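Paired with chain B in one complex and with chain C in the other, chain A is shared by the two complexes that follow.
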Partner chain A sequence: MSWPSLTLLGQSLLSGIFIGALYGLLGLGLSLSWGMLRQINLAHFALAFLGAYLTYQLASVGGMDPLAALLVIVPCFFAFGAALHWLFARFSISPFNSLLVTFGVTVIMESLIQWIWTADYRRLESHYGEIKFRIGTLFVPFPELLTLLVAIALALGTWAALHYTDLGKALRAAAEDAPIAAAFGVNDRALALLLSGLSAAFAGVAGACLALSYTLAPSQIYAWIGVVFAAVMIGGLGNPIGPLIAGIVIGSSEALTMAVTAPAWAPLVSFSLLIIVLLARPQKI
Partner chain B sequence: MRIPAPAWIAVAGLALATVPYFKLPAFYESFLYLIFHWIVLATSWNILSGYSGYFSFGHGAFFGVGMYTTATLAGKFDVPFLWTLPAAALLAAVTGVGLGWVVFRVPRLRGELFALITLAVTFVIGTIILNTPIDGGPGIYLSAVPIPAIMPTASATFYVLALVMAIGTLWIAYAIYHSKLGTGLFAIHDDEDVAEVLGVPTFRYKLAAFAISCALAGIAGGIQAMFVSYVTMGDTFSIVVPLNVILMSVLGGTRHWLGPAVGATVITALLYAFTAGDFAVAGRAAVGLILIVAILFLPEGLLGRFVRRRRRREPSPQPIGAGIAAMPATFAAPAQAGMNPLLEVRGVSKAFKGLQALDAVDLDVRRGEILGLIGPNGSGKSTLINVVSGHYRSDQGRIVFQGRDVAGEEAHRIAHAGIARTYQIPRPFAHLSVLQNVALTAMFGRAALDSAAAEREARYWLEFTGLAAKADALPEDLNLHQRKFLELARVLASRPTLLLLDEVLSGLTPSEIDNAIGTIRAIRDRGATIVFVEHVMRAVMELTDRIVVLNYGRVIAEGKPEDVMRRPEVVTAYLGKPPVGKPHA
Partner chain C sequence: MKYLQRLALIAALLSLGAALHPAGAAPSGPPIRIGSTLALTGPLAATALVHKTVGEIFVDDLNRKDGLLGRPVEWIVKDDQSKPDLARTLYEQLVTVDKVDLLIGPYATGAILSAMGVAQRYNKVLVHHTFGIPSLAKYDMQFATWAIGPRPEETFPRLLYDALAGSAKPPKTVAVVTSKFPSVLFLSVGAREAAKKRGLKEVLFLEWEFGNKDFGPIASRVKDADPDFIWVGAIGLEGNMLLDALKKIDYAPRNHFYLYPAPGPMAKAPVAKNALAASVFEEHPPFTANPVAAAFIERFHERGAKAGLPDTSVDVQAASSYSAWQVLTAGVNATKSLDDKAIAAWLKQNPVDTIAGRLRFDGPNNYGDDLMKLKQLQNGRWVVVSPRQFAAPGADLIVQ
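Our next item is the complex of A and B:
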């Protein structure tokens, strides 16, 4: 094992932070729906990829700006998320069964994506990808930086909304104890629909970021599940900021692992972290 | 006459074993091989996950360990293929037991968290195998390994191997389903804490089920490695195996030994139909859709639904009350003068995050008495019961039962020693019939009867508590009064030496209370010693020989009921200090 140069380490660390931001962005919606609605939404990943493919389609075929595509994607995804929650509430699904049902949704979406866009790799070529600059000896790609900024903005914005607005306080009260909150005049059912819609919309945003920085393939959906779950559990369920911080920690440790050893060892970091978190502090989950 | 299921399995197995002699095209054998393969995987998964409710997403890991064991031994060390299968089983079981040894000790790792941790373990094992010389990246080719000539053709050999495995796995699943282990696993499924307190060794049972489940998956993996003759990490440690086995089991019914096999047959045939028609993608989508529909509309699975309907139509096989009169029903030797107390609690303390629920409690329970344990809400009565029965571990102090310190022992050992408790809010096993609920403690409690004797014992106590007519009902069909008596019947069936009754009368009407008081007297007359926690003072005064009063986790009074209730400190604890001598402003 030879130690890489300082520049290479710095570049690895930076790319780790960037990918960690995407972990956090993907984890944001997952954490909210798991922590506040007690639904484990595996379909969140498929939804993000659907968002990525839609961004790809609207931008490369429809000629839209990739970010403008969000104006279409976000409302549609919001509606989908609310509909999914309506279904769960209608059948009063347990947390565990929500995992199974959304597993089914994931498989259907994966098939849909594969049917429309085939199993081939797709890559969005946008003008954002051409913006590059350097900080010292480090190379900074713009799409990744954008992801980091979006992730920070959404995490902080959600946190502030939950803590400083009446709606946010009502949401937290309903998450704590829905019947009691309802007895105090909180419309917990409508709020749950809102939150579920919001989580799905966040998946759409994450999807757009994914399309800007990564090559897409339907099978990639499963590649993100373990590491994002690790980020969400380490960061704390229902906490909007925790997954981002945890994501960045995981992303950088993965990147350093890859720089020091072989890239194929990287999954070991996130999954080992997930196992350790589950064993060490299950009461926090 | 009913033909027992193992005979059916054997007949079906023998019939299917003749298939290779019809000289069908190899395609049919391979198709049936796939069905048997998935029957083994789904049924083995169900032995832990369906029976005990610990849904594992890690079945791919144990399947994969088996696959790589065979691939490595046969491909690199030239071990004959059949000899690698026991090694595959052993290694997979050891992996499972190692994981279970750690995970089953963390009480919160149930349900979705257990699912996630097993999934994570799958990828960790996969990553390790990929990056070490076991695989190293390119995968392992097994095309050079000779296939044993059990049958004239290779496809027939695999067919027969898979058939034997499928028959064997179904037989094991059937045997466990009807065994003490199976009963314990189903109790763990419904309420693990209660199962432990009633005498089910939950940790050991989960490990045993996990080991069997993993070993079977390991063998299936070993055979599959030879069948595909090329093993790669990506195809092995993927989400596909857990997805399929869960889907198959949920569709077929996880609460029945045959359910996963039914689901496996349906899904494999369906996927095959789609793949053969070049609709592989649509097939996957259909599988996803079936999973959703099955969870929403068929939560019990195909077989669960069918079996339940049939059970409702069939009348109870045994006339109620048959053979009950001759039951011996004594609990313990009657009290003898000069003996030590049955239970000595010495200096027991228990705190919850700074709240001192029990503060150096001392008390004795004498043989054959009914000891009333009273005190205001939050005084520590239920905590004391939880500590004595082993549900909570005391922070300090000794709990000596029949001369043996049981403080800190596992709850099921305390149950075996002869302490049984009821729950204030009844906690029956929701998916077991009333009869099964009661028979369970006869099997697992102090009595430790075999299943036939346990059922007779259970029928006796159902008669005793007036629930005989409800023997085949599910607990949800009972009203509160009946549920309270089910709690009672359940502890009585274990023939306990010491009975801890936690507010058995609360919520009952006055006439039901009269009825219950008579029942409790009758229990004491059979030699049981009773600790009676109750707020209904009429019952306390009528029934108890002695009273201990708790307040803020401390014993504040002890003695004859009529004396104790007159003491000022007891009156104060219940009603507050009288405002005597307080200057009014």
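Our next item is the complex of A and C:
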């Protein structure tokens, strides 16, 4: 058996970091709504794919720049997320029931996507896909690099907003103990709508990044759930930076596993990490 | 002049009448009900839509002519959601509740295996179009139109490596990279063994789980190994995902084969240039010399566009699907009955001419010849390159 070359290891590590960033980006909104609103929002994945399909549509049919499509997607998704939370609050849906309800919403959205775009594969061909940088023997594709930068910016931005702004402190207070926060004048209902809207908007951003790098099919919605859930749980619920770090750790370990052993072993990595974290620090989840 | 105008008017009226009421007696009586499921939703839905479109075309054409045994045909198709367990329940329902007269297969190996169990329990003939593991087809009244022969893991790699060996630049090193999807893996293992027997040096072998999302490290390993030829045991999107990953690291494989690619998206990928794949039918002579095939292609283009298929080319999926309908109706017409045992007995003894070629069912597990051909993506278009008698006019296997 020969040792893998440094180029192989470096390129695989880059690939893992990039896909890990996407796990983190997909997990950001999920983590916020789960940790701070007590909503386990499975529809987050369907929303991300809806965002991806809308990016595809606006860019390949509408002729828009794929990134400019976010100007349409982000506000629409924010409104959708807020409306969804309003419904949840209106019918007092419990965290466990939110899992069931959002699964139903996911199935409906998958059918909607299939009805509009059919089940066939859709690939967004954009000029961004042609851009790549070279660092020595390593290649850095632009769409993946963009995903990493966006994931870092959103995770750090959200973390900073939660820790250093009054609004963020109010959000954290409401998440910690809504009645007490309300007693101090925090409008927890309005803040919950804001947070839910933001989470959905993050899904839209993740969708645009998905569309730039991946071929789309409606059933792919479910392919991401397991590993992104693992990233969110390892990273800590309600923590904006945690899923990104966990995602990068998972992505890198999977990629390095694929580089040095049988790629079929890679899925074991993320779930083994999850089990280890659950055993080692269950109180942090 | 007036005479000519009248003649033209009469001719026009006659053509209009013919269009509204085509030749042949209109089918009458209670409809013959043919039941099946298809993966209309779920991960296999993209390809199942091809089979739905084909079935609709075939049934429409039957009913426009004189039906089946002079009776109209009704196709009951249910959505098995790409789940073999659900396919089993739905086939049970088709037989016991919908009381269908005949069955036709669902899409893909898992669902077909489920349907086969139900067909066996009720002694029904099952003609199916996309079964990938012939050794598992044990039911004696099942008939496959995915013409891969009883031992495709031996016959297909032979065809492929023979073609490569006969080229101007036969490959010396090979990489076998494959999905662990069951109907893919056994063929990839066959390709690996065949390569070893021929003295090709294996520079890479690796497997990934079906559903893998990150092809970056796999692409890096392929680039690192830099083989003369890559066998990619890919199904659906996997081939495209690997190609995308290869493109990102600026590597273009010299000679590359994909087992079950998504042909439309692959044809559009520039890095897929000269990719090889298996086929039984492509839209060029000699296949299109068959008038039934030519008419079907025209109808499929029209219906496929209406159904929203991004790629409306008739290839292996559509042709095998159409062949399944041809085989089932040939059995019914020849025996002039809907008796499953009579139809099965006839099919075992008689070959059926289909658009995918002459299918026979007298071999092990009712399989006949391996009719697979080798196709290559040349100038953005899939063309058969081997065997030579099926090659597109002017097309030669390109080996780099």
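In this section, the second predicted complex is superposed on the first by the 280 of 285 C-alpha atoms of A that agree within 3 Å, B and C clash if a C-alpha of one lies under 4 Å from a C-alpha of the other, contacts with A are read in each partner's own complex, and residues count from 1 in each chain.
Heads up, the rule we're going with is that a residue touches a chain if its C-beta (ideal position, glycine included) is under 8 Å from a C-beta of that chain, and two chains touch if they have at least 3 such contacts.
No experiment lies behind these values; they were computed from the predicted model shown.
Should the superposition on chain A be reported as showing a clash between chain B and chain C, or a fit?
Once chain A is superposed (C-alpha atoms), there is a clash between chain B and chain C.
Let me test your reading of the model: by the given contact rule, A:Ser5 touches which partner, first (chain B), second (chain C), both or neither?
The answer is second: A:Ser5 touches chain C but not chain B.
Is A:Leu278 in contact with chain B, with chain C, with both, or with neither (first, second, both, neither)?
first
Does the superposition put A:Pro267 against chain B (first), chain C (second), both, or neither?
Both chain B and chain C are touched by A:Pro267.
Using the superposition on chain A described above, determine whether A:Phe103 touches chain B (first), chain C (second), both, or neither.
Once the two structures are laid over each other on A, A:Phe103 reaches chain B alone.
Tell me the contact category for A:Thr215 with respect to chain B and chain C: first, second, both or neither.
A:Thr215: touches chain C, not chain B.
Examine A:Leu149 and indicate which partner it touches, taking first as chain B and second as chain C; both and neither are also allowed.
In the superposed model, A:Leu149 contacts neither chain B nor chain C.
After lining up the shared chain so the two structures overlap, which partner does A:Ala255 touch, if you call chain B first and chain C second: first, second, both or neither?
second
Just checking: does A:Gln114 make contact with chain B only, chain C only, both, or neither of them? Give me first, second, both or neither.
In the superposition, A:Gln114 contacts both chain B and chain C.
Between the stretches 8-16, 26-34 or 386-394, which region of chain B is in steric conflict with chain C after the superposition?
Looking at 8-16, 26-34 or 386-394, the stretch of chain B that collides with chain C is 26-34.
Need the overlap of the two footprints on chain A, from chain B and from chain C, as residue ranges.
Residues 110-111, 114, 262, 264, 267, which sit in both footprints.
So in the complex, which bits of chain C are touching chain A?
40-43, 45-46, 48-49, 82, 180, 206-209, 211-214, 216-218, 220-221, 223-224, 236-237, 240-241, 244-245, 248-250, 262, 264-265, 268, 307-311
Where on chain A does chain C make contact in their complex?
Going through chain A, the ones touching chain C are 4-5, 7-8, 11-12, 14-16, 18-19, 110-111, 114, 117-123, 125, 132, 139, 141, 144, 213-215, 217-219, 223-224, 227, 251, 254-256, 258-259, 262-264, 266-267.
Contact residues on chain B for chain A in the complex?
Those in contact with chain A are residues 55, 102-103, 106, 108-109, 111-113, 115-117, 119-121, 123-124, 126-128, 130-131, 137, 238-239, 243, 246, 250, 281-282, 284-285, 287-292, 295-296, 299.
Name, in rising order, each residue of chain A that touches chain B in their complex.
Result: residues 40, 87, 91, 93, 95-97, 99-101, 103-108, 110-112, 114-115, 222, 225-226, 229-230, 233, 262, 264-265, 267-268, 271-272, 274-275, 278-279, 282-283, 285 of chain A touch chain B.
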